[in-house]
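Pasting in a structure now, in structure tokens, and then I'll have a few things to ask.
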Amino acid sequence: MFELGVVYRNITRADRAAADQLARYGSATVHEAMGRVGLLKPYMRPIYAGAQVSGTAVTVLLHPGDNWMMHVVAEQIQPGDIVVAAITAECTDGYFGDLLATSFMARGARALVIDAGVRDVKTLTEMGFPVWSKAISAKGTIKATLGSVNVPVVCAGALVTPGDVVVADDDGVVVVPAALAVATADAAARREANEGDKRAKLASGVLGLDMYKMREPLAAAGLKYID
Amino acid sequence: MFELGVVYRNITRADRAAADQLARYGSATVHEAMGRVGLLKPYMRPIYAGAQVSGTAVTVLLHPGDNWMMHVVAEQIQPGDIVVAAITAECTDGYFGDLLATSFMARGARALVIDAGVRDVKTLTEMGFPVWSKAISAKGTIKATLGSVNVPVVCAGALVTPGDVVVADDDGVVVVPAALAVATADAAARREANEGDKRAKLASGVLGLDMYKMREPLAAAGLKYID
Amino acid sequence: MFELGVVYRNITRADRAAADQLARYGSATVHEAMGRVGLLKPYMRPIYAGAQVSGTAVTVLLHPGDNWMMHVVAEQIQPGDIVVAAITAECTDGYFGDLLATSFMARGARALVIDAGVRDVKTLTEMGFPVWSKAISAKGTIKATLGSVNVPVVCAGALVTPGDVVVADDDGVVVVPAALAVATADAAARREANEGDKRAKLASGVLGLDMYKMREPLAAAGLKYID
Amino acid sequence: MFELGVVYRNITRADRAAADQLARYGSATVHEAMGRVGLLKPYMRPIYAGAQVSGTAVTVLLHPGDNWMMHVVAEQIQPGDIVVAAITAECTDGYFGDLLATSFMARGARALVIDAGVRDVKTLTEMGFPVWSKAISAKGTIKATLGSVNVPVVCAGALVTPGDVVVADDDGVVVVPAALAVATADAAARREANEGDKRAKLASGVLGLDMYKMREPLAAAGLKYID
Amino acid sequence: MFELGVVYRNITRADRAAADQLARYGSATVHEAMGRVGLLKPYMRPIYAGAQVSGTAVTVLLHPGDNWMMHVVAEQIQPGDIVVAAITAECTDGYFGDLLATSFMARGARALVIDAGVRDVKTLTEMGFPVWSKAISAKGTIKATLGSVNVPVVCAGALVTPGDVVVADDDGVVVVPAALAVATADAAARREANEGDKRAKLASGVLGLDMYKMREPLAAAGLKYID
Amino acid sequence: MFELGVVYRNITRADRAAADQLARYGSATVHEAMGRVGLLKPYMRPIYAGAQVSGTAVTVLLHPGDNWMMHVVAEQIQPGDIVVAAITAECTDGYFGDLLATSFMARGARALVIDAGVRDVKTLTEMGFPVWSKAISAKGTIKATLGSVNVPVVCAGALVTPGDVVVADDDGVVVVPAALAVATADAAARREANEGDKRAKLASGVLGLDMYKMREPLAAAGLKYID
């Protein structure tokens, strides 16, 4: 933690297949598969609806109002990565725009997750480069202070270690520790397996009360029906 | 108020025709027709733009982080209802997703209004099931504590009694007490009747200052023009 | 400042060509061209995505919950203007809807920027009248208290003098003092001139680190790479 | 609900002894005695620390930025009452200051609970008149629009019916329906009865794990200890 | 506006007697005397209760996370001044602590008003140096970027021109344009003159309804009493 | 990370002398000594002013609205510890009151830092048990779900590993990794060493501009003085 002015070039990325596969389950299923943990705060919102991605985290720690390290992290991106940017204090400035996005895309980045603001969102949307952020702001930044790249960071309330898997969609962002990626992908797959079946039953009018056998525990807890 | 662990099966729903008709006027006109009251807080936002609905309220009172009663309320839904969910404390967890939505739609629900979070918003949008909520969050909930169904609740700052009419659109959500539904629908209809006429005049360049005869009261209030 | 009950009919608008031209650069480039100043707070959001406008400000100062002066300012609109509405206290009420928008459009207004709420956003979107606001709310207002028109106002944290240029897009809203409009347009044009070139280089894989010659100053600041 | 321009002069106040007695238990114990319900939102804070009161509610419904009805409600105050003020929209203006407080105290009011702002807080503190509010603001209000007095209101997320008991202290504000006042006071008294005993045990080093016999259910739920 | 890297050494301060006198009336009375305008946002709170000051504004414009210019503004302070600090973007960092306060006090400053964070609040309280701020935060700042001193700034939603009078107390902060200082002091004095009289009447049980002769206009507006 | 239902009984606490010593420097100095990192979000506020503590962290991870694990963590407290409580989602409920505080004090805890609400704050203040929290709320919690004790947690935006040093005062809360405790204490001591000297100089009227030799770099950056 807390090293400033340091760039780690070699990080251990999570299992690639698992990192790629997790996108399909989405953030809700993945965090359930981990035991309802790992979510970033719900103020992290996508700049446009419909994107659903997963990838391996490269991290960057920035100071408020200073995006110098965004250029440093760009060099560390490998295809399949998602950049996770944390700030040492609360800030809504626009750290990232279409030029940096062009560079990130050229390096193979799939998305940016940033606990601050971004700008050029119209162009980013046209480019199809998804960003989850705390704010949208035209406010530019300076390049004066060192942060770090590929150190563990806390982003929007969640610890992200370089190489972890990040899963993001319209519901939010979840981080899966690299060591749990394969097991989480398996657990998520199992959760999804019988969803279609459940959906069909519920669509036919079967109640969750019956499908999940809740009537007895509800009665045991004291639920009373009054006509 | 404040009964926990109770489900009221028989509620008196507002006049069906009025409940159906109110959607067409929208939340702004309806709350004006009631005297500028009845609105839920403006933090209640639709998960997708363009939906405009009205229906009769079935209510559910939930504890933070616990959606057990959502399955209980599902059974009490009748076609034309809108589920109104209140929480006993502030919470942004995702109480509702695509499976519950499938069940609610199968029962004939038109929408959900919830003073907390929802998830699976991409799927909900594809399904065309509108939700007005305080947050979007992938965070799941547990099923451990009893709340109540069809008791009066305070949702996002407004009292909702089971059977009241709920009107929701891109501008927000308004609740019309069942006893006032017909009168409110009439008043809203009257407000709308001459809107087309006003719009035409304004579009032609007539000023509201003249159309509403405001120049004299403005001068009386002391308004001064300076060249 | 602080004159209440006054309407200034003659204001000096910024250079028309510059006022029209600034839209094309967007809020991010324009505020950079001014030295990273002039932005309204990032809570000011467009009611629909994609609009990008600039125009000359006519201003209106309103009291909370009272939109009487919106009708007064309508008369002062000239083609190419953007109405900037400030409130003397925090308020999220819906001061503006489709009827006022019809009137504003008939007068030639290009947009509304308001540090409060608006309503009828579905209709406003269909009409193509863009609004940047702090909130969306169905809550109506009364017409009881005088404010002022075309006095300097503070809107969402920025001073706006009548005649200033307002530039608004998906990234936010920036105000350019009238006296700086031409110079700012020139500076913005220069900033844009070599953006295409930079974008092409970055897309080809050149890093910002090299393109902006950052490696040396980063090393001088003490940045360390660890393998 | 929703009657505007109406003052109810005769309300049925909760049992006086229960209304007076509830102050001693405080908001936390009282809301527990009701089943963890009845609390106003936690943003309601006292203007000074240490006050702990209970009393019968007289209610007032106000419009944003307009405190006219505060003078109307003053006349309806009886000794032992607490004024509960709700606003039809979000507002932080200062509706209440030392002059109104002087009048309220002369009428026998014990406190004010208001979902908006107050001012003159230094003088109010010196006078010893406690207020729980959403904001402190010097911003004054006008007197132009009718609200109502002694109608049911929603204040900071809780329904308050005239005559209900309000209990307020440093932890927040809770409302007890008049019909439940006596039973709630009894239940609260029972909760308090063995608190001294528990406190002594815990102070001596006994753990809640043992005192509440939690070890077994924790183990049953799967809790694991790792050395 | 918007000059960066500039320090104005000669500013015209408001009339000294008026600037000194305004403290006694407090922010509520002063803003009323100006017509309910001039207040900073209510999120500006004192770091300790009870301070009530007025003085002439020296202003400083800072960048987020950078307090370099605080040292520059220190030199421009004259006895009787209040430093007003604005930030070009939203920031809660701690720009100011006990060392700067020692320097400000040595120069004769009466207070600091800052739209960001401060730290060392325990020591500042012991020193008796009052601060009104948006946040309290231990987060330090850097010294890398130029802002300006004694330019007009927007601080917490209010325009402050160097030399204006700032009045701050437990209710908030109000700014009085220098040209209006004397007239405002006179108007405030008149408002206060008969407050003692009013207070005595209200304390004796006279109602505001009668003292302000509100019964007739309330009836005219349609107020109904129901027994 | 992310283990649920687990209690680690053996943790490695930071050097005791350093953990005890850090309190004297306060959160501002300590986070500076680490390079301006390690702070919890500024929304974490003390329930009463004036407390200044440091200690070794024992951590607890809780679910929203459920404080069961607070009893489990109590057993793991050793004299000199500070309990750090994180929640898996946003919650303002009152997880902690005077009974738990009695137990924590009996175990030797010095403070609680919790990213949620607390209650009984009047009694906690009288007991002299300091708490830093996000909210004060009378809302009670249930005991139904397992969390974990002494796992790494993210609390208010900062990673806290069991055994780390926590320093808290009126300015906020900072966490020092156990491995850095001694070095940080040394660095903080050095920072403090010449503060008295600086303070004396500034109090005598010497400007920071001169004491820190800023005039030259400011001129080099382009600062201009205008008379």
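Going by the order they are written in, the chains are A, B, C, D, E and F; count residues from 1 in each one.
Heads up, the rule we're going with is that a residue touches a chain if its C-beta (ideal position, glycine included) is under 8 Å from a C-beta of that chain, and two chains touch if they have at least 3 such contacts.
Nothing here was measured: the structure is a model prediction, and the numbers come from that model.
By the document's definition of touch, common neighbours of chain B and chain E comprise A, C, D, F. For E-F, the matching interface among the pairs A-F, A-E or A-C, defined by over half of the contact pairs being the same residue numbers, is A-C.
For the pair chain D and chain E, the distance between C-alpha centroids works out to 31 Å. Each chain gets one centre point, the mean of its Cα atoms, and the points for chain C and chain D are 42 Å apart. Chain A and chain D, compared by their mean Cα positions, are separated by 41 Å.
Across the assembly, chain D contributes 36, 39, 42, 63, 88-90, 92, 137, 139, 145 as residues in contact with two or more other chains. Pairs of chains meeting the touch criterion: A-B, A-C, A-E, A-F, B-C, B-D, B-F, C-D, C-E, D-E, D-F, E-F. Across the complex, chain F is touched by residues 63-66, 88-93, 137, 139, 142, 144-145 of chain B. Listing the residues of chain A that touch chain F in their complex gives 1-2, 4, 34-39, 41-42, 63, 88-90, 152, 154, 157-159, 177, 180.
Partner chain E is touched in their complex by these residues of chain D: 5-10, 48, 68, 71-72, 74-75, 92, 94, 97-100, 102-103, 105-107, 117, 119-122, 125, 135-140, 143, 145-146.
Those residues of chain B whose C-beta lies close enough to touch chain C in the complex are 26-28, 31-32, 36, 39, 42, 45, 49-50, 52, 169-172, 174, 195, 198-199, 202-205, 207-209, 212, 214, 218, 221-227.
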